[in-house]
Each structure stands twice: as structure tokens, then as C-alpha cells.
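One structure is given below, represented as C-alpha cells, and several questions about it will come after.
The first chain written gets the first letter, and so on, giving A, B, C, D and E; residue counts start at 1 in each chain.
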Amino acid sequence: MNARGLLQPWLAFIGLFAAVSLPLDSLDPERMLPREGPLAWVVIVAMAAALVAVIRAERSGLAGVLLAIAAALGGWFTLQLLPSVAGHAGPAFWALFLTSWLLAWCLVSVLAAIPRQTGFDGAFLRIVVPLIFGVWLLIIWEVIVLAFKVPFVLIPPPSAIGAKLITSIPILAADFRQTFLKAVIAGYAIGCASGFLVAILIDRVPFLQRGLLPIGNLVSALPIVGIAPIMVMWFGFDWPSKAAVVVVSTFFPMLVNTVTGLAASQPMSRDLMRTYAANYWQTLFKLRLPEAMPFIFNALKINSTLALIAAIVAEFFGTPIVGMGFRISTEVGRMNIDMVWAEIAVAALAGSVFYGVVALIERAATFWHPSFRT
Amino acid sequence: MSDGEAAHASTKEGTAIDIRGLSLTFETNDGPVQALSNIDLNVQRGEFVSFIGPSGCGKTTLLRVIADLEQPTGGSITVNGVSPEEARLARAYGYVFQAAALYPWRTIAKNVALPLEIMGLSRAEREKRIAENLALVNLAGFEQKFPWQLSGGMQQRASIARALAVEPDLLLMDEPFGALDEIVRDHLNEQLLKLWAQTQKTVVFVTHSIPEAVFLSTKIVVMSPRPGRVTDIIECGFPRDRTLDIRETPEFLEIAARVRHGLRAGHSYED
Amino acid sequence: MSDGEAAHASTKEGTAIDIRGLSLTFETNDGPVQALSNIDLNVQRGEFVSFIGPSGCGKTTLLRVIADLEQPTGGSITVNGVSPEEARLARAYGYVFQAAALYPWRTIAKNVALPLEIMGLSRAEREKRIAENLALVNLAGFEQKFPWQLSGGMQQRASIARALAVEPDLLLMDEPFGALDEIVRDHLNEQLLKLWAQTQKTVVFVTHSIPEAVFLSTKIVVMSPRPGRVTDIIECGFPRDRTLDIRETPEFLEIAARVRHGLRAGHSYED
Amino acid sequence: ADPITFQLKWVTQAQFAGYYVAKAKGFYDEEGLDVTIKPGGPDIAPEQVIAGGGADVITTWMPAALASREKGVPLVNIAQPFKKSGLMLTCRKETGISSPADFKGKTLGVWFYGNEYPFLAWMAKLGLKTDGGPDGVTVLKQGFNVDPLIQKQADCISTMTYNEFGQVLDAGIPESELVVFKYEDQGVATLEDGLYVMEEKLKDPAFVEKMAKFVKASEKGWDYARANPDEAAKIVLDNDETGAQTEAHQKFMIGEVNKLTEGSNGVLDEADYKRTVTTLLSAGGETPVITKEPTGAWTHAVTDAAGLK
Amino acid sequence: MTAIAAKSPALRKPRSLKKPGILFPVLIVSLALLAVWYVGAYFLNAQLARDQFARQKKEPTAQELVAATWAMDRPLLPAPHQVAVELWKTTVDQSVTSKRSLVYHSWITLSSTLAGFVSGTLLGILLAIGIVHVSSLDKSLMPWIVASQTIPIVAIAPMIVVVGYNLMNGQMGLSTDLSRFIAKAMISTYLSFFPVTVGLVKGLRSPDPIHLDLMRTYSASRAQTFWKLRLPAAMPYLFTSMQVAIAISLVGAIVGELPTGASAGIGARLLAGSYYGQTVQIWAALLAASILAALLVWMVSLGGRAVVKRMGMAR
């Protein structure tokens, strides 16, 4: 770790000092962290111990464990204090909060510095690091929303979203089925496949390459806003019209990436194929497609999130009364913003898993690419 | 193979490669480069011809023209009596590139299988040829490795195995043994000679090693750069079943000296 | 360079490379490959050491370990008295890869300029070194060409010029002359020797040519594969200012014979 | 001048003619106000805008305003320029619908985004489920236009008297082929297009004063629009930044809108309010619009200060 | 990139045949598309047209029916010439500053598209650089970037409007037009940075291991390795991603026009068109958006080709 790595613990030290010595509540100067009872002391001691450990032995396992404990305790205690200081949080509250966060950040750096490992440890690390990051994102959100009393109808706190999520599982499941399992999957498959096939067609027939590619570009930015109502006209209210919008949205990234990817093979590799008098399709399948794979997977990855956005937006323009986009637009109108965010959370989860699956397939399919070898 | 055979039959015992007044100029960002100038060369079926010459004299370019990988800008050339393109489409030759050119997503065995798949050979036949040729170049046991897990010399040998597996009548080899040590090289030289003697192949071979050229060839083409041209063509009359011992004979040393002389003439600096 | 110099000064006349019980195992899809096993080697400052051995015996791997491009799995190694990583960070060495490794988007001159830019040399100094070293490898006039417009041998020479332009005290060269003809090779051998004698460099050199190894080296390390190990270390006592003539002397032939013997022992097939 | 930001519920059209007229004719200037009118759209919830501080006053439908109030956005109705509701359900005759009793098993297009409350209340009153079962009706979230009716994707669609209904006629479907159910006639009318502000702000007398001027000038605008419908349509057209509206349609719209503002001088009629609340409370269901009788959801303070009676 | 694709080995043509114009093929393909369009218009609109005739109690001849399907007021699919006439009316017949001019609206959208594209590309590049160089960012940030993309903008757009637009317009006192422009550009940025990040991360990691080793032997700093190796090697990826990004930027700017008051721009045109059921107007706006997009994509690809050529990599 470098100078930046060392800066964090020292900043945290200053923060801890501030948390102990300043008032917790801006309305009540008497309210101080050390007077909050034994639990507060546990937090203070844990933080101090972790900081000493980090500064003395930067990367030791012990420092990691202490950091984990201190950050968790600090975060938890911040949340405990939150309701009682909502709207009038004092400097010590913010100091405690920022210190806990710095500790968590230290922890992430320590964990991220562990060299890439295989097996269970590696998988554990790959999951734990973004998880810590994410949990802290949520804590920061909760603290800011509550401490500043941001209106509920603008952004609800994650705790409220979580509560809503748990109580609305049947609705969320039905929406997920309608939007993701039907519209997104179907549209994604057809859109990526057609972008790919048109790219091959363009590549195969030079005449089309000059004629069709410029026209294919016309499809590049057909705005969802414009085509969604038309697709509803053509394909009805149910999911096929959303799938059609997804098809149009995912077509172009695949087209462009495949066209570039097909041009990416090395001249010498192509010469080799020439010496075999390989025909077009043999060259395509045995050389140019493998070489194009990194590009094609880029498109698949970009499309995995694009498809979801497109399907949800498309549902703003006429749907049966089920679906993630329908729910979002309806509940916004009803000021049930917690439900909106519960739906967004489902979308984010689904989209991330979708992307992750594509990324895993990519790793398996293009293991030979330098990006996976270094 | 079968296509190659057909093309072969028609010109059996005839001319394999006929080059007349061939020249080739590359257009580059800072002006044209004349890589080949007025080359005349005739290679008979069954010959073993080596190209030797200073680095950059056009050996690779000439080999590529024969293989229809480069279009000459002047002169004429036939391969097996037809144009290089037709010969290529008839799969008349096997080519070993100066660099290994293995596909990184294929294991060594799969890389050797590549031309065989393209020719549509049966799986059994493919497996037989893969095993045979990998053993020939001493790579048995490395079938499942990927190219980047092999040393430079091993990659080069894999690419030789790939070309041999095609069993072509005409072998075009561009410094195939450059990255190999003396022992392996001697071994492969002998194997190549054996193969050549047994199967009556025509071999066109680029090398930098004078002894190698003299040992292997029936004809040595000495080239000279700027512009690339043929300065000498030396016939060597050693029997087909020669062994490494001939390298001590006076004829051998004499030819080697002549080649070295020709080679030196192509260089600008004297030593 | 200046960093390298500093590291140098402290251990002047001392050990350049010290390797003890070094081993390295690669993990691959079909099991581990032991590339280096229990290597002991000491290279003194100012020595010219050649590695020779059958293809795949670990020469490149060993050179890469010295250059801190590969992490050993056992044993210890120091370069200029410090760890390879520190030596690398101090820019203690120049490295010539087995493949040319030129950047395709840079012209030849720009490729040679690359390390000089990174070291922060002034433009005038850069241009001087580029011109000098391209001339040394006989590539004057090709400054503005892109790598793919050069022949294989020319690319290799460009990469040699690139390493020499750094003017390092320690030169690590992996078969630098593999793709060159005898004449150029002899010429560059002499140039390298001259440079070595003049600048007191330490050179570690991988080659497949026994005469080349014997001609150039003060010490020849013979290696053997599976697992990669050192089988013989041969000291050659030729004077620093040797010329090509020594290749006819009996001492030379004797050492060459010993190397050949060691090399042959590393091969599985007899001939 | 005193700045006021005013958020509309929908895009610039004759539905909001009074405000545009007041601005164009200088009625706001006369009161010393500098009013910025922000057009809305399908993706803008005025309630959310005002909660976030993006507007001083908004126009919205009362069901949405009351629902927001329950969700912690304390909106207060300060004036009600629209006396009557323009909402209706338009059906094709050929579907066999002639009365609400025929709805069962049919497909109905409904606007959501806070506009569905009156519909839900009506269906609750009729005892029809809206989950698509055989005993209820199938509900579609209707897009922006009347295509579902023209293309027979729905048996009935929601229309406003002043807008979509005209479009249906324009599309060549004569009134003779249509059956319409006005919410007003079905006894489920709720108040539309009132003016709302945040409760807190009303504690400030200066703000009440400012709003009084605003309401007064706006009413003057509405009066003028009723008197000069053609000019009002022109003014709206001038303010349409999309350049997509047609004069004919805006003239039709102002004509119909004038029928709805007729009979209101801006003062909220308590009886209308009561009826709206009762309707909404009766809606019930799993997701009721409002669960209890709201308090303090309206005030006459502003209209009183404006001298409107 | 198309030029390179043309050289696919199996179909390399003699040099003389290599450069036929682009005009003729485009013309042919366009004509084919137009034909398909007319046929499609007939079939999609036929039912509506028959209804109309039925209403007039008239039995149309085939010819009348075809003519009617191509001249409907509210067609399912307007005939090409209807769209062309509308396009003509809204471009050539209007002064470019008029609110009824599509050129004016295209410009409004284009300006925020370009702003969003530039800032999105920069953001995407910055993120990619961070992810490739800082391992803790790679592990912790990337999953959240992905998650951010799955949040439908339309859902958070009101927030951008309320928090961003109103803040700029209200508290910060920026003009309405400017705040609207910035809010739209923000949505464009949000949508367009992602393809750049994904593509560039791959590109920056794509140099040959031996080329990276070379940099190691020079003990080059990360910045040097970046400028001299990673970035040049990533160029094909970067420009491909930028083509996608600019197209998505345009979509973002159009979508962003909804929650920002849908007042002007192609998005507002589309919306107003569909709100008032003016199908022909929708199609004219769609076509305008498409042409704009094709031009933008084409310009980026030209830029990419020029860079590759300057780098001496176009063979």
C-alpha cells in the first residue's frame, strides 16, 4: 500500500477523536458519544484497536479482522443513533459515520490487495468486496436521507424500501415474470441474434456491406419513446410489443461490435486460412468468429442492461396492469416511492445477475484472450 | 489432398513452379519498396529448393507469391502448371510461416487438426495424423496445452506438425527450424529428408543456415537485397538418401563456400 | 539508466546474478509443469553467459525470472545484489525477447524510441541513440516503416536495437539472432563482443547455436528439459578481444564438442 | 416582480388556457407577479415536483393530491377553477356495451400515474374486480392516445371530453358508433385541475397574499378564455414549444374546457369536496386511494384573500 | 472498420474492383426497403381502410383499397410518401428557427446528445482507467456500475428533474432552457458512459502479454504503460464503443425530454405526435432521429478509421 493507503487510518483517527469529543446532537450540546452507555464504549475501543492495528501492521490478517469488526460496529451504531438525531445531527454523529466509512474503505483496500486466488477463497473475496461496498452505499443513503429529512416522496431510505420489498414479493414476482422472463429474455435473444446475423450478412455480401450498413445505422438510435407506442399498435399491449422494443434497442450494439470484431483477426492468421483454401464459412467459424468473440461479448454485456431498461421504458406506453415498468410508472403517480424503489432493486438485481452470467460465459468462452491471461 | 493429387497427376514429372521475370513492389507510407525484381526460377517436381539470402532480401515475399498470398506486380508465375490462386484453391501446398501463427483458442492438438477439419477428414484419420506428426516433432504429451504455454521452439514445431499433417505434395517452409537447437534441427532435417525421399514431395525451403541448405537441397537459390533478386542458383548433386555424414565431405564444403560467397556479396559490409 | 548506475556502483566487481535452488512450476489446465528445478547459478559482473539447451528446457523461463517477469515458486535469486523486482524498477537491464514484440502502431524509429521516452531522455539524445543503434543493426533507412512492413529478420534486429539503445549494464537476450543469416549474425556477434568489451556489460544470452555460444561466452550454461535443470557449466577462457578466427582453434572445437555432448544428453532421441 | 413557479399536470394545451391567457394578457404582471409556467408530461408528477421544491404551486387532480397527502406530502387545495369533471369512458357500440352492467368481462383502457383513482372508485361502486378475472374487467394501462379503441384492442378507453374524445371523432368514428359514460353522470366524479400548495407555506401571510394575487389573476384569465375562446386557443398555440399542436384541435379543446370551468369562480365548493372524498373512501380494495377522511386538505384562505366569493 | 471487413480472405477481389461507390448499393437497398414499406403499409392498414369503406357503405375496388391504405390520416403505418411530405413540410417549408421546424427540434436534441456523449465518453474513459488500474475499484465498483445501468432512467428521471433540474433552475438560477439542456445531457451521460466503460476495460486489457512484459522491463509507470501501450491497443474497442455510445446518447436525450417538460426536441415531437395520434408526424420525427443517429454514428466511425490509419494499423 502506498501513501494514500496510509492516509485513511490517520484521517480515521482524527474522525474518531472528533466523534468522542464533539456533541452528537446539534440541538443538545450535552449529548456526547462517551455518555451513550457501554455499547458506545465498545465501538470506540474497537475502532481505536483497529486503527492501531492498521497503522502498525498494514496488511496483517489481524488488522483485517479488527477493521471488519470496527467498521461493522461503527456502521451499526450510527444507524442506532440515527432516529434520535434525525434532522439535527451534530458533528460527532457525522464524525462517527465518516470514521466508520473510512474504516470500511480501509478494509476494502486490504481485501482488494490480496492477490487473486482460486477456489473457495477467491470466490468469497470476489463476492465480499462488492458486498461491503454495497452495504456501505446503502448505509450512506440511509443516513443522508434520514439525517437531512429528505422528503419520502423524493427518495425513501433503504430500510423502507427493504420493508416494502419483503411485503410485496408476490407482486414483484409477477412483474418480474412479465417483464424480465418474457419481454427481456425474448427481446434480448432475438435482438442479439438479428444484429449478429445482419452483421454476418453484411460481411458475406460486400454489396450489402456498402448498402445495408449505412441503413443499419439508421436503426442505431430509434428512440424507445418513438417506437414503443408504434410497437403497441402493431403487437398489442402484452409483452410481445415490449420484446419488439428490446429487439430494436439491442440490435445496433451487436451489429457494430460484430462488424468490428469480424475485422479484428490478424493478417497472418487469415493468410493461414488462405493457404488451406478454406471457404468463407470455414474461415468464419474457425478464425474470425473466435477472434470476434471479445467484441461480441462486449455487445452481449451492454445489451444485458440495455434490454432491461428498454423493456421497462416501453411499459410506460401501454401495458396490461402487470410488469416492472407499469408498476414503476403507476406507483410514482401514487407517491408510493418505496414500491418504486423496491421494483428498481429487483431490476438492479436481475440486471446484475444477467450481466454476471454473461460475464461468466465470456470468461469461459474467451479464456485465451489476453484480458483473462494477465 | 485428393484435389492436390488430381492437379499433380496432370503434370507429373514436370515443372512444379515456374517463375519468369517476376517482380513485386510494395507501396508504403514513405514510398514504394521493390521487394522482388525480375526473378526467374524453375523448380521441378520432386526437387528440394532452398532460398538463402540476407535478411530482407525477399525470400518470404517470394514464398508468399508462390502461395498466392501476395500478388506480383510484374512477370508471370505458375504452380503445378496453373496460376498460384488455382493451385491454392486446389490445396496443392502446405505452408510453414516464419512465425508460428497458432490460434490461441485451440490446444496444440486442435491447432494441428485445423487444416484437417477444413479438408473434411474423418475424426479417426485426423487423430492418427495429429498423433503421428506431433510425435515426429517431439511434442507428444503436449496435445492439450495451449500455444502460450509452449516455448518458442515448441510453438514452431507445432506449426511444422500442422503443415506436415496436411501431407501436401508441395511444401513451402519459411525458416521452419530457426528457433531450434542444433540437435533437434539435425533430427528434423533428417526426418524431412526421409519424408521427401519417400513421398517425392517438392519442397521450397527458406533458411539462414548454409550447412542446412547444402545438406537438404537439390538446388540452392542465393538471393540478394535491394531490390530482391536471385544472384546465384547452385545445384547440389547429393543422393536422395544422404546422411549427416556428408557434411564432412569436400564437395559439401565446396558448395557451402560458394553459397557463403554469394551470401556475402549480398551484404554491404565486409569483414 | 542513472538508477541502474547507482545500483551498480555499490556492487562493482561483484556478483551480478546469484541464483540458488531456484525452481518454478507453471499451473496449467492439464496439471503442473515444472519448468525449472533446483537451479544454481552465479554470474559475475562483466561476464558473458550463454544458456544453451534443447527447446523447451526452460531457458526463456530462467531469463524471465531474472528479469522479474516470472515469479519463482522456490529458491532465491538476487540481481545486482537486490531482488529482481528492485533491479527491474531500477532499470538495471535491457531485455531482448524471443519474438520481436514491436508495437504495430509505432514506426521502427518510434519503437526504438519507446524505452528512451519512458526513461525521459531528451529528444536530441533519443534521436542520436536511435540513429546509432539502427545503423548498428543495419536498419538505417527503415526508420519510418511500420513493423509489419519489415521482414522477420529485420523485425528482430529492430528489437535488438531497441534494447541496446537503453545502454543497460545488464543485457538479457533471448535468441536475439535466431532469424538472421550467418553473415549478419557474425557481424552482430562481433559488434556485441565489441560493445561488451568496451562497456564492461554483463550479458546473459540464450542461443541455439553452439559456435555462437562458444565464440561469445565466458561461461556456457547447458540446460536439460523435463524438469528444466542445469546439467553443465563450462568456462571458456578466450580473451575479451577475440575475433572470429578463434573458431578454427582446437580449444574452441573442444569446448564446442563438450557443449554438443551436454546438449545431446538432454535429448531423448539418439542419432 | 414576485416570482412564482407553477407546475402543470400535462403538456401545454387548452386545458390550461386560463393560465397562459393570464400570462399573455399581462394579468399576472398587473398583480406584480412573475409567473413561470412549467409544462408537465407523462413522466412528471406535480406532487413530487412541489415536494422537492421545484414549484410553488401546482395543478393536479384531487384524488392524486389527497393520496399524496396521506403519503406525507401535505398538499392543500387553495382554489378550484374546474367545477366539473371531464373524464369519461368511451366504448364502441358494437361491443354490446350499453350500460355499466355490461362491463363484466370486457377490456377497459385506463390512465394510470395517479389518474386511475376515479376509475377504481367507480369499479368499486359497481362491484367489479379489476384483476382480469371472469367476474371483473380486464384493465389495460392506456398509452397517450386513442389508438386502442380505433384498433379494437380495448372495448372502452378513457377519454377527456375536451381532448381524446375529439380525437376519436377525428379518427372517423361517428358518435353514433360510440357509447360514453361520463364520470359526472355516474356519480363518481372527482375534482380535477385544482390549485395546490404545500401546507407549511400557508403559515406565511405573505405567501397567502401572493397566492391570492395568483388565483385572482388566473381567474381573470379563465374568464377571458371563456369570453374569447379563439384568441385563447391562439395563445396556447403560441406557447406550445413542440410546434405539434393544431389550431383546430385546440379550438375544440377550449370549447369543451370552458364548459367545465363554467360555474366556478375559483372557490372550492365544499360539497364537491365532500363528494370526492366519499367517492374515494368508498373505492376501498387492497390498495385504497385514501384510507381515512383527510383533514386540512383545503382552505378558503387564499380565495378569501383574493376577494372571490 | 468496414473497409477492413471487406478484405475477408475468401472474397478478396482484384484491386481494380475494390472501390465501387457507396451510392449505388445504398440506393438499391433503400429502394428495396421502400418497396417492403409500401407493401407493409398496405397490409397493416387494410383492415382500417375496409372499416372506413364499410362506414361509407361502399365496396372498394382493389385499387381504391390500396390507394386508401396509402393515404390514411391515422394509419398503423404511414406510406413513405406521406412521411416524406411531412418531412418536407417540417424542414424545407419552415424557417429553421420555427417551432414547427424539425431542424429546430433536431438541433435541440442534438445539442444535448453531443454534450451527453462527450461527458459520457469522458466519464466512461475515466471509470475504465480506474477499473483497469485500481484493483479495489475493479472488484467493488464494477458490480455497482452494472447495477446502476439496470435502474431505469425513466424511474429516476423525475429525481433528476426534481433534484437536478429544479435545483439548477430554481436555486441556482440557471435559465429554464439551460437547466433543461443540462438535465437532458445528464441522462444522456448516464446512459452512454456504460458502453464506453465496458468496451474500454476490455480494450485496455487486450494488449499482448509480451507487450506488457516489455513495459515491465522498462519499469514503466502506469501512466506510461497506459499512454504508450494500453490506449493505442484499445483503439478499436474504444471507437466501437463510442459508436454505440453516441447512438445511446441520442436515445437518452430523447427519453430525457419527457420528464423535463417535453417542451422541445425530437422527443417532445414524438410524444406530442403520439399524444395527438398524429402517426405521420411520429414517423417523420422517428426518421429525423434515425438520420441524425446514422450521421453521428458514421462520423464516429470515420474518426475511428482516421485514427487507426494514423496509427499505421490499417493494412
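One rule holds for everything that comes next: a residue touches a chain if its C-beta (ideal position, glycine included) is under 8 Å from a C-beta of that chain, and two chains touch if they have at least 3 such contacts.
Computed from a predicted model, the values in this text were never measured in an experiment.
Listing every chain that touches subunit D and subunit E alike gives A.
Shared contact partners of subunit A and subunit D, listed by label, are E.
Taking each chain's centre as the mean of its CA atoms, D is the chain most distant from subunit C. Of all chains, D has its CA centroid at the greatest distance from the CA centroid of subunit B. Note: centroid distance subunit A to subunit E, computed from Cα atoms, is 23 Å.
We define each chain's centre as the mean of its Cα atoms; on that basis subunit B and subunit C are separated by 29 Å.
Between the Cα centres of subunit C and subunit E there is a gap of 53 Å. Multi-chain contact residues of subunit B (touching two or more other chains) are listed as 29, 99, 146, 148.
Residues of subunit A in contact with at least two other chains: 154, 229, 233, 267, 271, 273-274, 278, 316-317, 329, 332, 369, 373. Along subunit D, residues 42-43, 45, 48, 51-52, 143-145, 147, 151 each make contact with two or more other chains. Residues of subunit E touching subunit D in their complex: 48, 52, 55, 73-74, 76, 98-101, 104-105, 154, 157-158, 161-163, 165-166, 169-171, 176, 258-259, 261-264, 268-269, 271-278, 281. By the touch criterion stated above, subunit A contacts subunit B in their complex at residues 266, 268-269, 271-278, 282, 286-287, 290, 366-369, 373.
Residues of subunit D that touch subunit A in their complex: 42-43, 45, 47-48, 51-52, 64, 67-68, 71-73, 112-116, 130, 132, 138-145, 147-148, 151, 153, 287.
For subunit C in complex with subunit E, the residues that touch the partner chain are 64, 67-69, 88-91, 93-95, 97, 99, 101, 103-107, 114-115, 117-119, 146, 148, 166.
Looking at the complex, you find that subunit E touches subunit A at residues 1-2, 4-6, 8-11, 13, 20, 22, 24-30, 33, 44, 76-77, 135-136, 138-144, 146-156, 158-159, 162-163, 191, 194-195, 198-199, 202, 205-209, 212, 236-237, 239-241, 243-244, 246-248, 250-251, 254-255, 257-258, 266-267, 270-271, 274, 282, 285-286, 289-294, 296-298, 315.
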